[in-house]
Amino acid sequence: MDAKKPIRVTVWNEYLDEQKRKDITDVYPEGLHKTIADFLNRAGGIEAKTSLIGDPEQGLSGEILDATDVLIWWGHVHHGKVTDQAAARVADQVRRGMGIIFLHSAHRAKPFTALLGTSGRISWREAEERCRVWTADPAHPIAAGVPDQFLLDREEMYSEPFGVPEPESTVFISWFQGGNVLRSGLTFRREYGKIFYFQPGHETYPSYHHETVQRIMINAARWAAPLVRVADRDCPNDKESLERIDV
Amino acid sequence: MDAKKPIRVTVWNEYLDEQKRKDITDVYPEGLHKTIADFLNRAGGIEAKTSLIGDPEQGLSGEILDATDVLIWWGHVHHGKVTDQAAARVADQVRRGMGIIFLHSAHRAKPFTALLGTSGRISWREAEERCRVWTADPAHPIAAGVPDQFLLDREEMYSEPFGVPEPESTVFISWFQGGNVLRSGLTFRREYGKIFYFQPGHETYPSYHHETVQRIMINAARWAAPLVRVADRDCPNDKESLERIDV
Amino acid sequence: MDAKKPIRVTVWNEYLDEQKRKDITDVYPEGLHKTIADFLNRAGGIEAKTSLIGDPEQGLSGEILDATDVLIWWGHVHHGKVTDQAAARVADQVRRGMGIIFLHSAHRAKPFTALLGTSGRISWREAEERCRVWTADPAHPIAAGVPDQFLLDREEMYSEPFGVPEPESTVFISWFQGGNVLRSGLTFRREYGKIFYFQPGHETYPSYHHETVQRIMINAARWAAPLVRVADRDCPNDKESLERIDV
Amino acid sequence: MDAKKPIRVTVWNEYLDEQKRKDITDVYPEGLHKTIADFLNRAGGIEAKTSLIGDPEQGLSGEILDATDVLIWWGHVHHGKVTDQAAARVADQVRRGMGIIFLHSAHRAKPFTALLGTSGRISWREAEERCRVWTADPAHPIAAGVPDQFLLDREEMYSEPFGVPEPESTVFISWFQGGNVLRSGLTFRREYGKIFYFQPGHETYPSYHHETVQRIMINAARWAAPLVRVADRDCPNDKESLERIDV
């Protein structure tokens, strides 16, 4: 990455039902993708656009992905509607260097399971309960400027056991009032691509208006931006050996 | 696993062309799957069967997989012939506890990429060159009884960079005469399932007749056998909280 | 390990003040080391002895450690009294294969920091609060037979950020009533030795009488038992190369 | 780190015998620490100084370490001369954020074993043999601009098994002409500090004059520079709970 060039972020959302529900539009009048893109664009050094499942090629065309350094993915009830082709394009771009941030229910999205190889299973509860997000890896770039702990007044509860591989870093762990815990901020790498899963963000709660959540997502966008983007990853035949094999 | 019950291994092979090629049948007269099953059956505590891509449901039916503790996968040129359904059944069983050992070219098989999330890319060369396999993690159960280093007179060369996630353990690293290296024995876990990738085993070389290769594969079959096999991994709604959330 | 031979466990404790305090002797009349050794001896396949800081060579002589497959370490306020020589002996034996289970405040013990290389820092509170231990890695042998979650009515609170390296497995994560979380069951490996840190066990609470805590510690003792115990780990000069270097 | 401020590197060396040996001064007339500092100073954004075991406080005073973002450590035959106090100061600074690059024989230096918890054992051979360094993690910042493989005409051979914990990333693996391999470029983290071990650099060979070796070390210095440097890492008593514990 040229340090001078802005990081190109695409915020992808389902946004099929949300615009019809007052409990959501009260919190995110133009959709949570718009809220996210707005605070990223204010951060400096980031150019964020938005993309929707209802757009052509589900908002995940080759052109869009080629022009995306970091894809932010929010999906909840329509994971099954994402075509296998679109999901494969996303996973392939991550392997070649595109960063990806999976938000909230994206632990069950097709690109998530394709990249991590696991089910992403959790248990859950919608009960307006308090959530405290703890920083387990305060030295990680994603935790820069984040306190040891911060409070979300209401979040959807997601609970361990969480069906993911052991991560590269467990950045955050969430405490829920009802007695549950979740590794809620996890990093992974898959070849050239960096992956961050971050749990907050139920559609009827104002988590993406929370300053510390925004700080984490800005940090994550910068962290996930690729150093390089490679063209492909096939298996070439190295016919000519470097060393003699006739001895 | 009941310590008294034998480990049920299924050795899966393509075996579409090999029986027609003298350079292969000279080394493995009944197919390399048969050679592998035979030495596993002699090891004690293991019951190994074989299964072929030409069998009904490609030898990967739900019945076969349900009765398999550890699946050994050898495939080379017919990865694309494996149906998406069969590959998904295998990956799902691994997540629920079935162990899997990917041999040689299986780094490009559909279940491998589905479970690891990466391309599995390498570079390669067929040149009858010497290969020395080094033990990088001598404390690992798969390395039990394996010397610091052993020689394969001829192997197909596979080279770094190898498109895999950082493993749970780098058990073996191979030196090739032509100047290349490969992390050639790697372990991973995906939820309840253990995964071992092991590079030796080109179809025209006698690697599976090599005593130390056999020792490693016997160790790996025992290591990969599941402690438990779970029924499914969905996302239940935990409506009733453990702790009061009305305070 | 010969599968028929019992695992030899040594339970090490400070036990300098505890016998004088009624709040402790009410819970552990003969010391918590005795309670732990007793339930391990009842488990089958384990022979547990005890050892105290007041014993000759602080209960950590070469003879004792040579005859120990798995050392269990409980220390709280007297970490500084352990001699550097005794701590070095323990760490050296772990590198050569002895398993070790660090309990509760042992995250600040000299062998813990010597093996993990970190400070082991946490924050803490003694407030008779409830603790719920969650299983984050249900497929791990240490979690065999352990439910998704269990309750300790009272525990000392330890909180993230926890100054440890990213573990091999995050087996357990604890929820505390006061709003904190801790990665409370972690595995590491250092050469031939397996390491398990497990947080429950404040001296005035009956955690080691809890059936699930006992199940975890029995599992951990079996998991940590070495496959091999090596004599030393120096740097030999391999003067004779395997391959010709004159070409 | 302020992006505008240069990274302050201290290159530490033994340099007790080297100035007296013509086979070394022919290659590094003013010591290899001087060669390393020089190419770092030419790289841009780095201010490199040097420090020697013969300096006051062994060149590792609190003042020097406080003013060091990344310490580069080269030591070979005098590991035992480094005082325990100096080694402890270095390890403590790493835990609090100082980056460290361990070169060549530093795998047996006191701060290395203190931070990694292992013996760092290898086997070795001085035989003027060829070494090919392979990039196993081409997406890592330390590998930026580094080809898949490069040749060192002569290097001291170090061989697996290498007594280190499984790293955060295996960036490089070396092939040696005599038939050996080594994971020769490894990253680790210990709390706030980043650690890179890099094997090339025998004192009589010109490895530190090699352009790609220099590229790797410049990358590593930038990668290891701390985001933050923390004051201490003790265990505070959080008497006041965040949530009510009287319910």
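Remarks
Per-chain numbering from 1; labels A, B, C and D assigned in written order.
As a working rule, a contact is a pair of C-beta atoms (placed from the backbone, for glycine too) under 8 Å apart; a residue touches a chain by one contact, two chains touch by 3 or more.
Model, not experiment: these values are computed from the prediction.
For chain pairs A-B and B-C, the one joined by more C-beta pairs in contact is A-B. When the contact pairs of A-C are matched by residue number against A-D, B-D or C-D, over half are shared only with B-D. Computed centre separation for the pair subunit B/subunit C is 33 angstrom, with centres defined by C-alpha atoms. Multi-chain contact residues of subunit A, defined as those touching 2 or more other chains: 130, 132, 138, 149, 159, 166, 168, 177, 179-180, 189, 191, 242-243. If you sketch which chains touch which, every chain touches every other chain without exception.
Subunit C contributes residues 132, 134-138, 148-149, 159-162, 166-170, 173-176, 179-181, 183, 244, 247 to its touches with subunit A in the complex. On the side of subunit D, the complex with subunit C involves touching residues 91, 95, 108, 114-119, 121-125, 127-130, 157, 159, 163, 165-166, 168, 177-180, 188-191, 233-239, 241-243, 245.
Of all the residues in subunit C, the ones that touch subunit B in their complex are 3, 97, 130, 132, 138-139, 141, 144, 149, 151, 168, 177, 189, 191-193, 227-228, 242-243.
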